[in-house]
Amino acid sequence: MRHKVYPDAKSALEGIVSDGMTIMAGGFGLCGIAENLIAAIRDLGPKHLTVVSNNCGVDDFGLGILLANGQIKKMISSYVGENKLFEQLYLAGDLELEFNPQGTLAERIRAGGAGIAGFYTKTGYGTIIAEGKPTREFNGQHYVLETGLVADLSIIKAWKADKEGNLVYRKTARNFNPMMATAGKITVVEVEELVEVGELDPENIHTPGIYVDRIVVEVGAEKRIEKVTTRKREEVK
Amino acid sequence: MAWTREQMAARAAQQIRDGFYVNLGIGIPTLVANALPPGMTVSFQSENGMLGIGPFPYEGEEDPDLINAGKQTVTEVPDTSYFSSADSFAMIRGGHMDLSILGSMQVSEEGDIANWMVPGKMVKGMGGAMDLVAGAKEVIVLMEHVEKSGAPKLVTRCTLPLTGTHVTDFVITDLAVFEFTKRGGTLVLKELAPGVTLDEIKAKTEAKFEVGLA
Amino acid sequence: MRHKVYPDAKSALEGIVSDGMTIMAGGFGLCGIAENLIAAIRDLGPKHLTVVSNNCGVDDFGLGILLANGQIKKMISSYVGENKLFEQLYLAGDLELEFNPQGTLAERIRAGGAGIAGFYTKTGYGTIIAEGKPTREFNGQHYVLETGLVADLSIIKAWKADKEGNLVYRKTARNFNPMMATAGKITVVEVEELVEVGELDPENIHTPGIYVDRIVVEVGAEKRIEKVTTRKREEVK
Amino acid sequence: MAWTREQMAARAAQQIRDGFYVNLGIGIPTLVANALPPGMTVSFQSENGMLGIGPFPYEGEEDPDLINAGKQTVTEVPDTSYFSSADSFAMIRGGHMDLSILGSMQVSEEGDIANWMVPGKMVKGMGGAMDLVAGAKEVIVLMEHVEKSGAPKLVTRCTLPLTGTHVTDFVITDLAVFEFTKRGGTLVLKELAPGVTLDEIKAKTEAKFEVGLA
């Protein structure tokens, strides 16, 4: 048995966070984010972080709490519109920001984890995203060279893990988590349920245990919904 | 009389054929799902990792793990599948989506789209828009014909930073419907909203277009 | 309901095979190959095929039967050692052969399906595989540019499909099938079991239905084992 | 007295540390799995899409859908996972395998490996070997010290077409054990098989090496 299971988020991150490091954080909006691990990073207090994440939480939740705590130097994201603090820090010059098209961001992370140093995509050709990047023609079409991304640490949210780190995600909480699990030099995962080895179906493991270094079971997660949209029972078609 | 948002969505829905796989952007495009004629099989994709999106959940049944790309709570349908963001954009970039319907700030007469950034304003980011316009087999833009200021949004050349070049197939505004003969080809006026005249469209459109009204 | 289900392999392929086309065929060795679809291609008789497949079957089974029938002009593979006929045809100059490292082949197919025109890999740098291909340095390391691969037709073997074409594979019969399903202009799948829509778990669909155009249920498959290796009951540790 | 194939495999097994994820090539490397000391947790990967490989099945329990990269029937273990070939080589190419153990025809004094092609002979293909040597964190070569003809296999420069350059960390032959100080670094003789002399190794080795016997 490998010893991947830690008692809590803080002990799982202690000794592996440091100033100036690059952290990948899974999630799309507030869906599929590692709440306990983000809180532990706030508590452990590393500064000047570069954070790779599709979004940056909201003012008082998700990665927003690291922003509020002045720990983030730079974000690499595709969409960051949901927090006012972000805007203030950015306009004041206290926060660097690199926008990547969402699919390019996802693919850069997959490439980083897969040993692909760079890849050619049509996305962004002819836009400011392509400025300064090499381009190349394939079959008469224009493509932009994008590079693989890796991180010192990836913080991942999964639904279940077994003790060897095999992971399954739940519904759209999967999003960026599987690729980020592959692209972190160290990958720490927060799960809702820890099961024994052998309890997960080997055909349906979304992230094999080889990518997971440390596991913590989530405690007291809020799982906040950003935009509750519902229909009334009368509206049944 | 200009089309309402619902009428614009209904017009866009007419472009959808049975069996299509479609990605709907946020805003007016969201309304397209409700405007489909009954009996059609259409699957909606959400770029955060879901193919087969159902309606909003009943009150009290929202699931924080089940949202669309607009971060709204949604539901499953019987043929739903979930996948990662990388797999989702492989689907989009690889040309597997039959149709992407999205809003825009400007569309040029060459089919360039600018829909993510206004210089001087806080930029929220392009999200998946650049991937969608570069990857979908067909791209329909749904937008108001002019700015609140009255400035045309169908322009000779986009003045706002681009989302993609030569990517538009179809433009539906509150006043008219346009089609490009091909990607990067000629813009053709196809339909007018009721009571809208060709002269009005000419006055409110900077982009060069041909008239091909039925 | 989309109408993807065909009564048999021949009707599923009729009208979509033609001389000179490129076909991707899933499978690793004889594991996870679409036996009925291969037989139907033999019966329909298209010639001068370029076939992308990790291997080329054995003399009388798998893709070997297309070879024996003189239908294959060129193979793109990583390993073809298992049939004598292959060797004879190749040495006689009657068969073209392009070797790709297995991981490069898998990634080229994934790239083709994912709209990635090319990618940089370390694999093969400094070997004959890299000859004539552009190279590039990233962070002081050398990489080779490989291009995405697509096919006119992909023939896929899955375990189960629902009627919308959502697929699940079984054990190591998955191999090249998922990527090839994404890289065929037309993708036809042969399955052991067809189920109703809604019967497959949406969290564990290996290939979403969007990639699948036509489905046939396999009849009379042999599922031959290339190398039976066993242990005796006494050998239990 | 030269080491047997089993002894070579046992020596290779000593390089495996608890918790390692390992890919074993066909031939002698296959024997390494049986040579592991009890109590160690090691996962074996097979590049056709499986992590966590068990022993051969009992007679009559072979599953045609469950084979290793050598196309042999195998079994699952409790933590097995299955994945596609693309995901498998993402794992390999991305540097996630702790160790790859494979056979070779030649290894050069700079750590180049040639193990897939003999010009003039029918070439079967490189399979996954090029990806494995380029991607694994550590590469161990297990091979006979010399050809049947007596020609050295540890050479100044490989005369056979290469599988990878500067990729070897460790070489175990039937006569001796060598280690490279680093990738592309100096080859060092570390151990001799019982009864084998330094002079014998010098006579049978073309590659330049330093002597660092314990």
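All chains are identified by letter, namely A, B, C and D, in their written order; residue positions are counted from 1 within each chain.
The rule is short, and it goes like this: a contact is a pair of C-beta atoms (placed from the backbone, for glycine too) under 8 Å apart; a residue touches a chain by one contact, two chains touch by 3 or more.
Chain labels with UniProt names: B, D = 3-oxoacid CoA-transferase B subunit.
Just so you know, these numbers come straight off a predicted model, no measurement behind them.
> Counting one step for each move to a touching chain, how far apart are chain A and chain C?
Step count on the best path from chain A to chain C: 1.
> Tell me which of B-C and C-D has more C-beta pairs in contact.
C-D
> Report the inter-centroid distance (CA atoms only) between chain A and chain D in whole Å.
Chain A and chain D have C-alpha centres separated by 35 Å.
> How many Å are there between the centre of chain B and the centre of chain D, using C-alpha atoms for each centre?
54
> Cα centroid separation between chain C and chain D, in whole Å?
Using C-alpha averages as centres, the distance is 28 Å.
> Mind pulling the chain D residues that touch 2 or more other chains?
If we look for residues of chain D contacting two or more partner chains, we find 76, 82-83, 89-90, 92-93, 134-135.
> Name the residues of chain C that each touch 2 or more other chains.
Counting only residues that touch two or more other chains, chain C contributes 107, 110, 114-116, 121-122, 169-171, 202-203.
> Considering the complex alone, what residue numbers of chain C touch chain A?
Going through chain C, the ones touching chain A are 107, 111, 114-122, 136, 138-139, 141, 143, 147-148, 168-171, 201-204.
> For the complex, give me every residue of chain C touching chain B.
Residues 1-2, 110, 112-116, 162, 164, 166, 182, 197-198, 202-203, 205, 208-211 of chain C touch chain B in their complex.
> Where on chain B is chain C touching in the complex?
18-19, 21, 41, 43, 45, 51-52, 76, 78-83, 89-97, 134-135
> What residues on chain B touch chain A, complex-wise?
46-50, 55-74, 76, 82-86, 88-90, 92-93, 112, 122-131, 134-135, 161-165
> In the complex, go through chain A and note every residue touching chain B.
Going through chain A, the ones touching chain B are 28-32, 54, 77-81, 87, 90-91, 99, 101-104, 106-107, 109-110, 121-129, 159, 169-179, 206, 223-233, 235, 237.
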